[in-house]
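In what comes next, chain A is part of two complexes: it sits with chain B in the first one and with chain C in the second one.
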Partner chain A sequence: MGSNGQIIRKKDLNFWDRLYIPEILKGLVLTFRQMFKPEITVQFPEERFTPPAQFRGRPVLVEENGVERCVACGLCSRVCPALAIEVQASETELAKERFPIKFEINMVRCIFCGFCEEVCPEEAIIMSNEYLLVFNNQQEAVFGKDKLLKSAAEMHDRLEFLRQHR
Partner chain B sequence: MAKLTIDERVLDVDPQLTVIQAAAANGIEIPHFCWHPKLSVAGNCRMCLVEVEKMPKLAIACATQVAEGMVVRTKSDRVIKARNAVMEFLLINHPLDCPICDEAGECKLQDYAYKYSIGYSRFDEDKVHKPKRVELGPRVLLDVERCIMCSRCVRFADEVARQPVLTFTQRGTHVVLTTFPETQLDNRYSMNVVEICPVGALTSRDFRFKSRVWEMSSTDTICAGCSRGCNMNMWVRNNEILRLTPRHNEDVNSYWMCDDGRLKTFPWVNSPRRLSGPLVRKDGQLLETGWDEAIAKAATDLRLFRKGEVAAIGSPFATNEDNYAFQKVMRENLGVKFLDFVEHIVDGDEDDLLIRADKTPNARGARAVGVRPASPSEGLPAILKGISGGSIKALYVLEDNIASDPKIREVLTNLDLLIVHAHERNETTEMADVVFSASTYAEKHGTFVNFQGRVQRIRAAIATLEQDRALDGFAMSRWDKFASQNDKWGKGPRRDARPSWRIVTALGAALGAKAKFQTSEDVFREITERVPEFKGLTFMSVGIRGHMLAARQAAAKPVSVT
Partner chain C sequence: MELFIVAAKIVVVLGVLLTGAALTTWAERKISAFIQNRVGPNRIGWAGIFQIVADMVKLVMKEDIVPKSANRFVHDLAPMISLTVAMSTFAVIPFGNTIEIAGQNIKLMVADVNVGVLYILAMTGMGVYGVTLAGWSSNNKYSLLGGLRSSAQLISYELSMGMSLIGVIMIAGSVRLDQIVLQQTEYVGGWLPAWNIFLQPVGFVTFLVSAFAETNRLPFDLPEAEPELVGGYHTEYSGMKFGMFMLSEYINMITASAVVTTLFLGGWHLPFAETWGLSPFTLALLQVGTFAAKVICMIFFFIMIRWTIPRFRYDQLMKLGWKWMLPLAIANVLVTGLVLLLTTN
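And then the complex of A and B:
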């Protein structure tokens, strides 16, 4: 259709195009071909998709030997363009001297950019493959250490991905 | 005067100066670690190497005296190469623990590594390991691995604090900073070594791991610990004071500040015991109430007494503005004659560097703006005697816990009415009938007068309930700027407090005066009109360096700091 509602006929159609039927058949062949290919649709939420290692899901803190790797340097907090991260450091008797007594990510603010992961000198905050985030209120959206800590074994795939591609 | 050329710039400088001093005075930066303007020259860091024409080798700018016709280059290829080498040597054994180091963000080594270093290390052997978390003294912690052996702290202890307890032992890469056996760095100025340490080797035990430096806002203000009035920066995060650091002012405190000033003048401002609003006594109990009710109650109660029955005690802890507005309302609206303040002098607790025996920041200012009796028969002794004798029945006390003195406490029991401005519940508020929660020196704008007669500005760094960091021109951290309603970190504890000058102005209005002070600057303007010593001053002219009171200008003596 033209801008003023007129029907515009293409002038350069050949004989077979003008016959119309072969073009219909061509389209139907394409459709039928897809029917015999393997399905890629996921029946969410009954079925869940597990993203590959390079997927940037919600950030998590890596736990190793029962303690977080994090030394509470605050770089993630500083680099975060959405100011989602709040860290409060404190002293520990361990060799690393410093640990986050409070580490909170406001998941309403988080934009999943992955800058925190990129800037972290300890590979302590990394992006996970979790994308299912539902909150009923603002307070629930603030994730503390209890929700953020994940063991290094659990995060193996992402850590391996970072090792290879960074 | 000698002609000196630095990087093609021709300067006319005092021949007594060294090259680095001449450069600094003219705004040319020569990188340095061990040189400090107030310490002797050590010349051991080699960072300030510069090229001097007709000298065969590079010379250190800190120990090279200026000579007539000298030509210095600070950016030539030879200098840059030497500087890179010095940085590379310093970084060989310096641990890469900036993420856990408190100095990160204000570290000379970190800054110079960006500015003057090649950016990578060729050293792949193991770094030397040395003791960490060494307690040098009650307030200072040492991480020997981070030390770059500049010896600033050693010279500070020797020359300024005059407690020569620090020294280096061992040699080469194994050098260790330590105290002599059975001594510790416990002098009253010990925490200055934390500031002058160019790296994070010496850190404050009080501030340890509390906050990164870039998360705080910094406000130029004045220490309220004694009548010296050291210039300082107040570092605030989430509406809480985290540390105080000295701010350079050659006429008052030079680069230094005492440990008491740093540690004792702020915890009570952050304290959860602070008053959460005005209190009024009902049936023997102090109950929280609104401002209007408290002011109305104070005004009605004060009206019940005759002129001679009311006395007023100002405060050397409050600002000039508070004291001025206070004495004005007391004199003009209540006809008070008995007007004085309580001095807080600890005899003998002073030295020739900074610490003064008078432990209040504003005794001289309080006196100057009129918190003084017209005759000795109306001073503090007369007030106390009058209260004991029953001739004085009501007392109004500004920001001072006078009842902490048991003798005064005893006297105050005879009163019929006691009105108090206070920051937290204390001995005096327990006896009071009306208590106004007053802003502390960290929450208001105003001026103090130090013992030299220097008017100095304090600035609000902590927001009270009625203040807004952005609208009221506070120093703002990134967090302060972007906090929204739902962010916890934007909402530090805020107190329902008001500056004393505002409370007494409101009280004056309730007593029939025309209320006209809107800001502390309005009060200051009236002080400059009424008090000759303040004539011609403005908040602007007092500025960040302070200004001498007019009458005393000639008698001013600069601080004697080596």
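And then the complex of A and C:
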């Protein structure tokens, strides 16, 4: 509707368009043809979907040479819109000098936005391809370092994807 | 004996109708799934054919919630009206010619009413009471809007529906449905079956559009338009009362298909089958089969339309009804009258 109440048409319809019927028939042919295309459904519990590298599953910490890359700068915890991350820093003899003595992500709070991955200066927290998260209670949903750490070799696809597209 | 035959016919027709409605829900879900490249129900029974049984069990087990400020009596009554009306319309549809069983000549229709067409119009008109009362008694603004839309829609389309039927009645010279079908078993020029779809193409289109509007199917399902009215008239219904509305929608669809078949697609007439020299009994069975096949095709068409065309806007619906359908139907009556006058003289 225009400001003066007139209907503005982008394209004037001709007589056959306005009769609807040929257009309806065209639509019917389209939907009919669609019926014979293959289905894209994955039968979930029996078949599992393996997400591609660009998939944002639950966040994990990257582990390299037996230690996490994280330097406990706290940026991820700061940026997390859901306040899901808790980091406690401590000192170490290694070259990186700092490490998280405690690193917890509350998976019930996490919204899989990927901000933590984006902000991390060490590429230490990245999104994995895991999407099956089931908990029986709130405590179970708080993932500590034991559950978060994944070796860099395991996360190779995602790291490669980040290198190319970021 | 008479009574027994009638009872048997009622039992058979109701049984077929309810089974048919169950199968139609399944067919709709399957077809819509295929159109959207999905699989559809596939867990219960072969290809999910018993999904409706599971759904019915679920609906029966559910709590029946009635809003606090609703009119309880009318709230209970509305789905019953819908279902009763939906089931009783089918009574006058002739689903076959006469059949001879054990020396008895049985007409294959439940009630041989001599005003069949009027009965159908009256019954479909009654159906709106269920919807409107459901909308009103729920004491919910969305339900009420749905109910009101339904009655406005009915008034607009009842007219063109009746008008488009007049042409058919004029050709058959009768309002008896079996007469109308018998008239369609003749041939024009010896090869084209005199089905009303060929004799009355405009009447067919207007009737079909009106039938869609009367059954509240997409593209005319404004009474329950989900995006704007939550669930429309059945927003406040749960459990089996909701199930009754659903069931009556599907029964209505079957009945509408049967009515279209009877009035325009030659009913149980299978072209040239009478010249194949079959025994009367086989022929009668074949004709019942033909009728079923035609109805199934129409149901398929109903479903395809639903998953193809988006919903009309309310003003478009009214405009289509009053500015296009009604004049078209009236013009059709005039032209039919003129042609009949010229050809019979």
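Here is the rule we use: the second predicted complex is superposed on the first by the 127 of 166 C-alpha atoms of A that agree within 3 Å, B and C clash if a C-alpha of one lies under 4 Å from a C-alpha of the other, contacts with A are read in each partner's own complex, and residues count from 1 in each chain.
Following the convention adopted for this analysis, a residue touches a chain if its C-beta (ideal position, glycine included) is under 8 Å from a C-beta of that chain, and two chains touch if they have at least 3 such contacts.
Because the structure is a prediction, the values reported are computed rather than measured.
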item	value
Touched partner set for A:Ile24, first chain B, second chain C, both or neither	second
Touched partner set for A:Ile105, first chain B, second chain C, both or neither	neither
Greater chain A contact set [chain C / chain B]	B
First, second, both or neither for A:Glu39, with chain B first and chain C second	second
Contacts of A:Met155 with chain B and chain C, given as first, second, both or neither	neither
Touched partner set for A:Ile126, first chain B, second chain C, both or neither	neither
Chain A residues within the chain B interface of the complex	71-75, 77-78, 83, 86, 89-91, 96-98, 104, 106, 108, 121-122, 138, 142
Contacting residues of chain C [partner chain A, same complex]	31, 33-39, 205, 304-305, 307-309
Complex contacts: residues of chain A adjacent to chain C	21, 24, 27-28, 30-32, 34-41, 43
Of all residues in chain B, those that touch chain A in their complex	98-100, 104, 132-133, 208-212, 214-215, 478-479, 482-483, 486-489
